[in-house]
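Presented sequentially are two complexes of chain A, the first with chain B as partner and the second with chain C.
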Partner chain A sequence: MSLRTSISPPAVAQPPIQDAPSRHHMWQRISPYIYIGPAVVYLIIFMIVPVVQGIQLSFTKTPLVKPDGGTGVGLENYSRLLSSPQFYNSLGATILYTAATVIFAVAIGAGSALLLNQAFKGRTIVRAIITFPWAVPTVATALIFSWIFNRSDGVLNEVVGVLGVGQQGWLVDPKFGMAAVVLTSVWKVMPLVMLVVLASLQSIPSELYEATRMDGAGALETFKAVTWPHIAPTVRVVTLLMTIWSIRRFEIIYLLTGGGPVDTTNTLVVNVYRQAFSNQELGRAAAIGALGLVLSLLVTVVYFMMERRNAAKEA
Partner chain B sequence: MTTQEAPPITQSAPHKRRLKAPGNRSFSKPARYVMLAALVLFSGFPLYWMLNTALSEDSELYGQAQGWWPHWERLADFGDLIGSVPIFKWLTNSVVIAGGTTLLSLIFAVLAGYALSRFKFYGKGAAGFLLFATQMLPEALLVVPIYALFASLGLLNGMGGLILANVAFTMPVSVWIIKGAIDAIPYEIEEAAAVDGCPRVTILSLVLTPLILPSIAAAAVINFFDGWNEFLLAKTFIAERDLWPASVGLASFIGQYLTSLNSVMAAALLFTLPALIFFLLVQRRIVSGLTAGSVKG
Partner chain C sequence: MIDRRTFLGAAAASMVLAGCGATPGNDPNRAASAGGTLKFGSWQWLEPGRGEAMWKAIQAYQKVNPSAVLAQSTTPFLSFADKLNTELGGKGGPDVFVVQDVNFYPLADAGILAPLSSVISSHKGTPFNHTNKSGLVNGVQYGITWERLNWNFFWNRKIMDKAGVTPPTNVTELISAASQIRSATGLDGFGVRHQMTEFDSWFMDFDVWTYGHGGSWSDGSRPTIDSAENIAGVKAFGEIYRSGAMPIGDDASTMRTKFREGRLGMMIDVSSTVAGILRSSKALTSADIGFAERIPLPKPSAHQEIVLAVNGYGKNKNLAVDFVGWVGSDEGQAALRAAMGPSTLATDVPLAPDYAAANPWAKAFIDLASESRSPLIRGYEAQTKAIMREVMTQVERYLVDGGDAAKALATAQTQVTQLLG
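After this line comes the complex of A and B, so read on.
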């Protein structure tokens, strides 16, 4: 015990005892790097280097067939993007998709959590059914929904047909493409909101409810005084996660509409992919990706600023 | 504390449950049931429809209304159900890719989690930030430069390259899960082993690892299903049909109707079931792991 404290510098709290001080002293200083090293080096190779390369790529004109041989074009990719209506359309689609998905997913997810926090018969089964979509692989999700939305044989048209509405091309009509994609995404991600908010609800001490009930508070007042303040931080965090994940969601959109109909669901990530692998313009794709990254970062920064303000208000 | 909690199994436990359950009564009873029914329909119907489509007759699918009830008898002839979809080959590929991703990711994660939990060292904050920040990066931004990198290294069109790329995306969360698990183990246990002159690697692998096995298992499941579900990288890197994982294989049927859709759905069901089952087993841990990893940093 005392040996450890005398060997270790004060900052090193925990390394175990070793005898033969001098040799082991050095060894002790290296060894954390041996453990953390592989992960860090790996992430640098496969994450940091690609990000840097991606940004470099965005200043070049690089064809897909020769990914390592591009010619520098300076800011051309960016200036072309920022002056093309197609880019703003893509940006708009991203914002619309993200806002709609996040709002519905958080509202329905939090609402479900409130419902499921009450006792009723069959609660376990209902919770399982509501949670299932989250575990369904994305490709399977897209497969199911593309069939449900199918124009000529899909069940959705069968149902609206009963209501007297004619067949609609849910995935091919510009009026409905975005709605279909949002609906599918909400179906898939809402359970996570539900689970996280439910966990937070279940951590509210029942004494708090008891106290407000004794004060004669109604359901709405109880919600405002006890429930909401307790779950609000969780709801904010899950909203941030949903936002970041929605900005970068690719599979559902790409598989259902491929960015169409008429580019109405051509979000930035789908746009990146199409530029790179359909138009074979890696440079321009990277430029769109870089701007998308800026958008994600912006959201995160805004979130942390809001959190700080909230913390300041509470203090 | 103990005096209150120990005896009253008869009194306090049901009392507590009764109070906890109706915690908020924001909704009236009939309204609550209507909303629950709507939710169950919304969440449950698409899955039911996948099953129903998989178990439908070819003749039902096109041109006329699909029946509302599955033809269970079709389960009897399973080979027929799958039809010409080479799903078993693709599922095998998925197992290899997901398994490789899990194994590699966990090796890095156990080592890094141990370092982050048990050492203080220069650059620890930076390493933590790297592990946190890389989770923020969109796959679609990275896929282009990783594609370029792999093209120059000859790693395209192979499962090995795909595993390497997957690990970069799944490993950070695992590190946080493992670190959290090691944090929760009292240090005295390792200390005892260290006094006996046990080298640190041995302590980690023989003392610590068995103790955090539940967390390792949870991280393994999360990794496995990240690898299992992954589509974008696989679709981009692997052109050869025989090397496709099930995600890419099944996606190739979307929007094309040469292969009968009931076969495709039956194959998709096979692809989905393991995910559902494993998910139910580790649901709680996934939720806490996700939020702990991506939020707290």
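After this line comes the complex of A and C, so read on.
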């Protein structure tokens, strides 16, 4: 008997029972899904399903008081919107409001952050004061500014009165309505920009500043060579967020002007509210919402294209 | 033998079936005598003084039906209709509620209110008055009058005397009196709603001017926004708006505060405003309130009607209907009359003699109900707010930009025609 025959190899060897490693392997495979599962479920329930339902709703004529009693109307809501001057007025108001709010909020917020990043006495108190508007509830902000802008008794008219300017209808005159709403919005959101940019500024290693100082660089050169490259990604992200939030902002505009005077601040979101609750036309409101969503997506796409271009440049 | 999975499945199914079953406590059609809790939705519970008085008045229902419990469902006025519509759209909401007729009509038209035919057919005592027609939609009674608030013209006698002006009887005199108050006292002469931030109330307020000139927003079959009468009403409002004697930019709440504090000469507002002002004013007593028999315009004015209705999806509909029947009864009306003050109610229950004597202006407001008109647009009742949104936007444009009232209303006519398809 040869050794070969006497010691027969296990022909179909049963894998050894390795319970613990197998479970570990399985856990490694499924654990990512368990971790992201709740977030995915949340996104599906609270974001994707409502968006899909909203888009579905936009192809129907559905009264507010009977949301399950809608009838399909195809593209009628969209065609009526796109042929209506009010919609373009609303779109224009949205773009104007968003552009003005974002430009001023980012410029003033980033500028304030640069100033407050300098060492000076009382800096902490100044930072706290500038952050204060962000902490004020939006409804309270709108009410306070409505008193400030009040034509007959408002503080602003008292101030301009001292300068010899007559009473102005800041919230009732179409010339000033948008400016008043933008001013209020900037006051409210600017501190967030400041805080985010300030956090970014504080993460810049001080060695870099020392190096530029040793190289004899001036303030402007230092800003261009060190500060801006560090804070630029943050500024871009905060600009994107500010843009999307401004497109969607409702309370300040609605409480201050209700979309007036003469529809000058009737942004898409205010228009959605009017269609849904005042006119009780959920289908048409959903169509405006869907077009607003397209606007937000466009902004996001532009942002990511810019990011990709910057990444390519850096590479 | 039953395994664990089968056992758990059966248990779960039993629980679901038990939950679906109509137990007596959950049957929405159980008899009113079975009692239960009625959630009563209103913004008025928040009105200082008046809300508490109303709530106390309706507690008398529990003497008639001791097993019934009334519970408040309170939402501020500005968001009341939105919240109610959303709740009813989701087949929820309070069991019984009050709602303005412009918001009531679409609810009734959509068939989501419980019919109140039995309330009308079984009603005894003082008959329901004509105001209850507001609760009749598509031939079915879905609501009864909670209160009708009529707009009227009133003034602060002290300010008028100080300025040396007599009560105006037409628009020209109104403008002149308002300007005289401004120049003689430095106070605001005349206040009335005038801006889109208050659209939900302003569009009803504004009917005072167009109705007052004999206008209507439709003839029942087509919109008549740009009629000569409406143009006259808009022009009249434009004249007073631009007179310089109005506190432009003030909302109704601010103007009422000014009147209460003796800082505003004349107003056009509803009856409950005068009652509210007097309840909280340190500067004014009832004797200081001057009032007209009607608004100084050629034709009858407008009213704001608040309707009492029952939620068709309510959990205790029969009890709610029974409660509404009690509100319409002589007992209910008498209880409410004291709390409501100068409003027109579902029946012609008179003011308490002592109240009428102390508040001589109250009867004038109530009497206006005989010829006042609803803000609902005939033939387009359910679309009233949507139509008025277009109209008031053009009115606002005319007010702030100037220009031609006829052109503004012609634009509104075109837009409304497009809106209605």
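The definition used in the following text is that the second predicted complex is superposed on the first by the 268 of 315 C-alpha atoms of A that agree within 3 Å, B and C clash if a C-alpha of one lies under 4 Å from a C-alpha of the other, contacts with A are read in each partner's own complex, and residues count from 1 in each chain.
Convention: contacts are C-beta pairs under 8 Å (C-beta built on N, C-alpha and C of every residue); 3 or more make two chains touch, one makes a residue touch a chain.
Since the model is a prediction, treat every value here as computed from it, not as a measurement.
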| task | Have a look at chain B and chain C on chain A after the superposition and call it: clash or fit. | result | clash
| said: Which partner chains sit in contact with A:G111 here, chain B, chain C, both or neither? Use first/second/both/neither. | reply: first
| said: Taking the superposition on A as described, I'd like to know which of chain B and chain C A:F277 touches: first, second, both or neither. | reply: both
| Touching partner for A:V262 - first (chain B), second (chain C), both, neither | second
| said: I'd like to know which partner A:K61 touches here: chain B for first, chain C for second, both or neither. | reply: neither
| query | Which of the two partners, first being chain B and second being chain C, lies in contact with A:F145: first, second, both, or neither? | reply | first
| query | Between chain B (first) and chain C (second), which, if any, makes contact with A:H25: first, second, both or neither? | reply | neither
| request: Applying the touch criterion given at the start, work out whether A:H230 contacts chain B, chain C, both or neither, answering first, second, both or neither. | output: neither
| field | chain C versus chain B, contacts on chain A by residue | value | B
| task | Superposing the two structures on chain A, identify the stretch of chain B from 23-31, 149-157, 167-175 or 203-211 that clashes with chain C. | result | 149-157
| field | Shared chain A surface residues [contacts with chain B and with chain C] | value | 67, 152-153, 255-256, 277
| message | Taking the touch rule as given, give the residues of chain B at its contact with chain A in the complex, in rising order. | response | 16-17, 19-27, 32, 35-36, 39-40, 42-44, 46-47, 49-50, 53, 61-63, 65-66, 107-109, 111-112, 114-116, 118-121, 123-124, 127, 130-131, 134, 136-149, 151-152, 164-165, 167-168, 171-172, 175, 187, 190-191, 193-195, 200, 203, 225, 228-229, 231-232, 236, 246-248, 250-251, 253-255, 261, 264-265, 268-269, 271-272, 275-276, 278-280, 283, 287-288, 290-291, 294-295
| note | The chain A residues in contact with chain C across the complex are 63-67, 69, 84, 86, 149-154, 169-174, 255-263, 274, 277-281
| chain C residues touching chain A - in the complex, by the definition given at the top | 81-82, 85-86, 88-90, 106-107, 110, 112, 188, 195-200, 247-250, 254, 383, 385-386, 389, 393, 396-397, 400-401, 415, 418
| message | Considering only the defined contacts, which chain A positions touch chain B in the complex? | response | 11-18, 29, 31-33, 35-36, 38-40, 42-44, 46-51, 53-54, 57, 62, 67-68, 108, 111-112, 114-115, 117-120, 126, 128-148, 152-153, 155, 158, 187, 190-192, 195-196, 199, 201-202, 204, 206, 209-210, 219-220, 222-223, 226-227, 237-238, 241, 244, 247-248, 250-251, 255-256, 268-270, 272-273, 276-277, 282, 285-286, 289-290, 292-293, 296-297, 300
